[in-house]
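You will see subunit A twice below: alongside subunit B first, and alongside subunit C after that.
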Partner chain A sequence: MRRRVPLTITFIFGIFMTLQFFVPHRVSQVIYQEILKWFIIIFTFSLIFGSLVLMRLHSIRIRRRTSGWGYSLVTLTSLIGMIVIGFKTGIKEGSLFMNLFNHVQVPLEATMFSILAFFMASAAYRAFRARTVDATLLLGAAIVMMIGRVPLGTFLWSGFPDLTEWILEVPSMAAKRGIMIGVGLGVISTALKIILGIERSYIGGGE
Partner chain B sequence: MRGCIIFLILFTFSCFLPHSSNPQTPPSPPTDIKVFDTPNDAGRSVTITWKKSLEDTTLIEYEILRFTDPDGEGISAGKVSLGTENFEDKEVEDGVDYFYLIRAIAPIGFSDSEQVGPVRSKGQLYDTSRTNVLIGVMIYSFLLLYFIYSARKGKELFVRKIAGLDAIDEAIGRATEMGKPILFVPGISVIEDVATLASLNILSRVARKTADYKSRIIIPNRDPIVMPVCREVVREAYLSQGRPDAYREDDIYYVTYSQFGYASAVSGIMVREKPATNLFLGMFYAESLILAETGASTGAIQIAGTDAVAQLPFFITACDYTLIGEELYAASAYLSKEPMSLGSLKGQDWAKIVIGAAILIGILLTTLNITFFTNFFTI
Partner chain C sequence: MKNPIFKFLTTDRRAIFLLVGLAVVIPLLAPLGLPVDITKPARDFYESIEALEPTRGPLLLSMDYDPGTVPELNPMSIALLRHCFDKNIRVVVMTLLPGGPGLAEQVTTQISQEFNNTYGEDYVYLGYKVGTAAVMLSMGEDIHGTFPLDYYGTPVGELPMMQEIKTLADIPLIVTISGTAIIESWIAYAGARYHKTIAAGATAVMVPQFYPYLQTDQLVGLLGGLKGAAEYEELVHHPDFATVGMDVQSIVHFLIVLLVIFGNIGYFIQRRSKSKV
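Our next item is the complex of A and B:
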């Protein structure tokens, strides 16, 4: 019974969502929109639940003075602080909440994103060491791509831009499409197995 | 003198010629008006098409007039710019008769087309434009089900080695020996993403191993709905292995919905907790390289798997093993060795053969300038 209920729900909704793709009728659309609303409601409650889990976790760390508890204190203070400020000042543009969001949260995220440039350089250094035939091919393609995308490439040889386009549109695109076809088939296969109850690992497996 | 006479004759003659762009006369009306229920829609929509006025370039716009009574007064259903030859009226009721005419509006004056109708809108029960998708899904589903049930009968199936999946046991064993935790990142996508579900399927197998080896598994989540599902999957896995006491609920938690906030938190966990094994399985975006490079810097064994084509190069570069695209979906079947799941892999292989054959036929026919086959696949 514990397994049958979620499997039945999965089967019903899985079949409905599949049929819904082929049925443009208003009734089908209305039910679909209703399901999306349910999803938003579930998401909202799960967000509250997730936040409570986060608070509990960090409270325990602070109480037990575990290693790195100072980070937990910053997290907890920021989380509770933003909730309190949000309720007190509102979330309109110009409010303290939005100012904190725009001038603290956004720059912090931008910083993390910009670190990507350094990681890309270190990853490229590792990838481009020509130790094998594959790595040498990768290195060659990368050099052509980098040179072909800057004015210096055109200055050295006018055919570089065309060569980079060819690499992108022929061998690279062929590999991408091959992967995407496999992914598409894998997605349908996994979805079908879940709908039919063959794949049950997501609910813990078992009979 | 002779030139002046010729000019006067031509000028006089031209004054009597019908002049199409004379601003004083109304423009010619749009012709060939067709009105029909908009196909493959939810209803409450009518489509009108026409051939533009001969003086289209001198017009201001076209106005579409809707009538419920052919002899009554029409109301404006909308206006479209010159050069346009179709309009979709979305302000109609299903099951009501409507009539339409198109008015070509010029700077001075206008002209009306003939009135056409009646037309009724209604919602369709089947989207005919998706017939090719339906046929494809049916053929593929048939192949999958055939191989799943033939595998059920005990037919032996060969599955090639997937190094990344074979390495999972080794990676968990290494973490156990080192007394360090295992970090499992189920991607940053939502629960309805099939890549996330595939990741959870792998998590179930991984959690069984960690339960057996008494290892610690840490799962930070970006999606609050994925988090309780992860908890349930791990709890069930520990229960199934007879180790409910070893299950640590607090190690599976929600972090933040912010993409880079999450990347920052997971990077922090990697640096502080120093997990011996990092598993990045699911859907990833720009944070993939931040996670993989931070993990590589801590010296952990890293196994990644994603169907995000743009992130694969980053994982291949920074991780020890990478499950590429469909290998992520094959992982659950590969790890469980259940015949029914393995059967689906065989079905996928046959579908690839069918697709490959279709591509070859398409190339051949298109080369011969026969396009009906390739047109069939247009969505």
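Our next item is the complex of A and C:
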């Protein structure tokens, strides 16, 4: 019974939403709009649920003093701190919440993203080798893209932009499209398996 | 004594970090001022905004990014808002990422102040709503129902600009700026389901992913990374952060290419000397 209820709900809504797309009748539209509202409500609760799970996970780590529990303490303090500050001071520009966001979170996240350039340069120097034909092709394409997408490349040779556009529009797009078609077919088959109750891992098991 | 090639190959990576650091700092202090060439996807993006008429519906700008991708994506939003406000095109701003509301508000407020625009008449900020695909689909049916209140808590129905904007059908162009797959969601839900015209700005690393959508016209324009932002700044004749950043990117890219070439030369010399032994 515990499995049959969610499977039945999934089946009914899966079939309805598929058929609804092709039925522009008013009743179908009204039900569709109501489902969309529920959709957003469920998403909102999933966000709250996710936060609670995160808090629980890190509380356990702190209590058990597992390796890296200090990071859990920082995570938990930051999470709860920002929630309390947000409710207390509001989230408008100039509030403590926004100041913390602008002067702590924004520079921290931007720095994390920016230091990738340093690691990438070091990793490319050490590991990007023309060991095989495939690797050589990749290396060649990467060099053309890196030079061709910056003004200095165009300054050196005016043909670089056209060459980079060709790489993006022909070989890269061909590979990308193949992947996308494969992913699309995979999504359809997985969706069908979920609607028909063949794929049940989302309710916690394969039985 | 160590082979000099082996020594070169195993250079302390801090030396590389230092080189990259210098390649970033020097062009910032002494800009090269190299011209930025305009690619077709960026020009198409610009043209799609140019084609909008102030009397028709507003542009929907979804700033779907968080602080991690601010350096690449914020310049796009800034240039786009300048372009729109300069042409008296009204803008509805929103975000679908929880880390985005503060950033989107800052950029929108900053640029609207530059143009002395009035909130509620020239632009509206809806804020963040959880549920990506559900929000897009719901906006296709009823924007006021999806966002009953704007970011500041004002009922959306009370904002003068929103009186005539009920669904996505009242919006001629959607622009999403993101470093995530949210762009594909806009294409799949607002584009395919509600036949909306969509243009996008993406981080450089994600650009190849969206080229197939350009070919099929599911995207009418695309700004790719800092380069795309610099191209757009050039097109709107307002060089700013992205244009300065292109000098830095030029030098860093060349440095990385040189490092890769040196690394490979060393690798082949080492391989040859090993095979001789």
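Everything below uses one rule, namely that the second predicted complex is superposed on the first by the 166 of 207 C-alpha atoms of A that agree within 3 Å, B and C clash if a C-alpha of one lies under 4 Å from a C-alpha of the other, contacts with A are read in each partner's own complex, and residues count from 1 in each chain.
Throughout what follows, contacts are C-beta pairs under 8 Å (C-beta built on N, C-alpha and C of every residue); 3 or more make two chains touch, one makes a residue touch a chain.
Since we're looking at a predicted model, the values are computed, not measured.
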{"item": "Touching partner for A:Ile143 - first (subunit B), second (subunit C), both, neither", "value": "second"}
{"item": "First (subunit B), second (subunit C), both or neither touched by A:Ile60", "value": "first"}
{"item": "Subunit B versus subunit C as contact partner of A:Ser51, first or second or both or neither", "value": "first"}
{"item": "Touched partner set for A:Ile195, first subunit B, second subunit C, both or neither", "value": "neither"}
{"item": "Partner chain in contact with A:Leu185 - subunit B first, subunit C second, else both or neither", "value": "first"}
{"item": "Partner chain in contact with A:Gln105 - subunit B first, subunit C second, else both or neither", "value": "both"}
{"item": "Touching partner for A:Phe22 - first (subunit B), second (subunit C), both, neither", "value": "first"}
{"item": "Partner chain(s) touched by A:Ile85 [first = subunit B, second = subunit C, both, neither]", "value": "neither"}
{"item": "Which superposed partner A:Gly153 touches (first subunit B, second subunit C, both, neither)", "value": "second"}
{"item": "Footprint overlap on subunit A, where subunit B in one structure and subunit C in the other make contact", "value": "21, 29, 39, 43, 47, 105, 108-110, 112-113, 120, 122, 124, 126, 176, 180"}
{"item": "Of subunit A, residues touching subunit C in the complex", "value": "21, 29, 32-33, 36-37, 39-40, 43-44, 47, 91-93, 98, 101-102, 105-110, 112-114, 117-118, 120-122, 124-126, 128-130, 139, 142-143, 146-147, 149-155, 161, 165, 168-169, 172-173, 176-177, 180"}
{"item": "In the complex with subunit A, residue positions of subunit C that touch it", "value": "9, 13, 16-17, 19-21, 24, 32, 34-37, 39-40, 66-71, 98-99, 101-103, 105-106, 109, 129-131, 134-135, 137-138, 141-142, 145-146, 152, 193, 204, 207-209, 211-212, 215, 225, 227, 246-247, 249-257, 259-264, 267"}
{"item": "Touching residues on subunit B, where the partner in the complex is subunit A", "value": "40-44, 123-127, 130, 133-134, 137, 140-141, 144-145, 148, 192, 194-195, 197-198, 200-205, 221, 224-225, 227-229, 232-233, 235-237, 239-240, 250, 253-255, 257-261, 263-264, 268, 272, 286-287, 289-290, 292-294, 307, 309, 312-314, 316-318, 324-326, 328-330, 332, 336, 340-341, 344-345, 347-348, 351-352, 355"}
{"item": "Of all residues in subunit A, those that touch subunit B in their complex", "value": "18, 21-29, 39, 42-43, 46-47, 49-51, 53-54, 56-57, 60, 67-68, 71, 105, 108-110, 112-113, 115-116, 119-120, 122-124, 126-127, 176, 179-183, 185-194, 198-199, 201-206"}
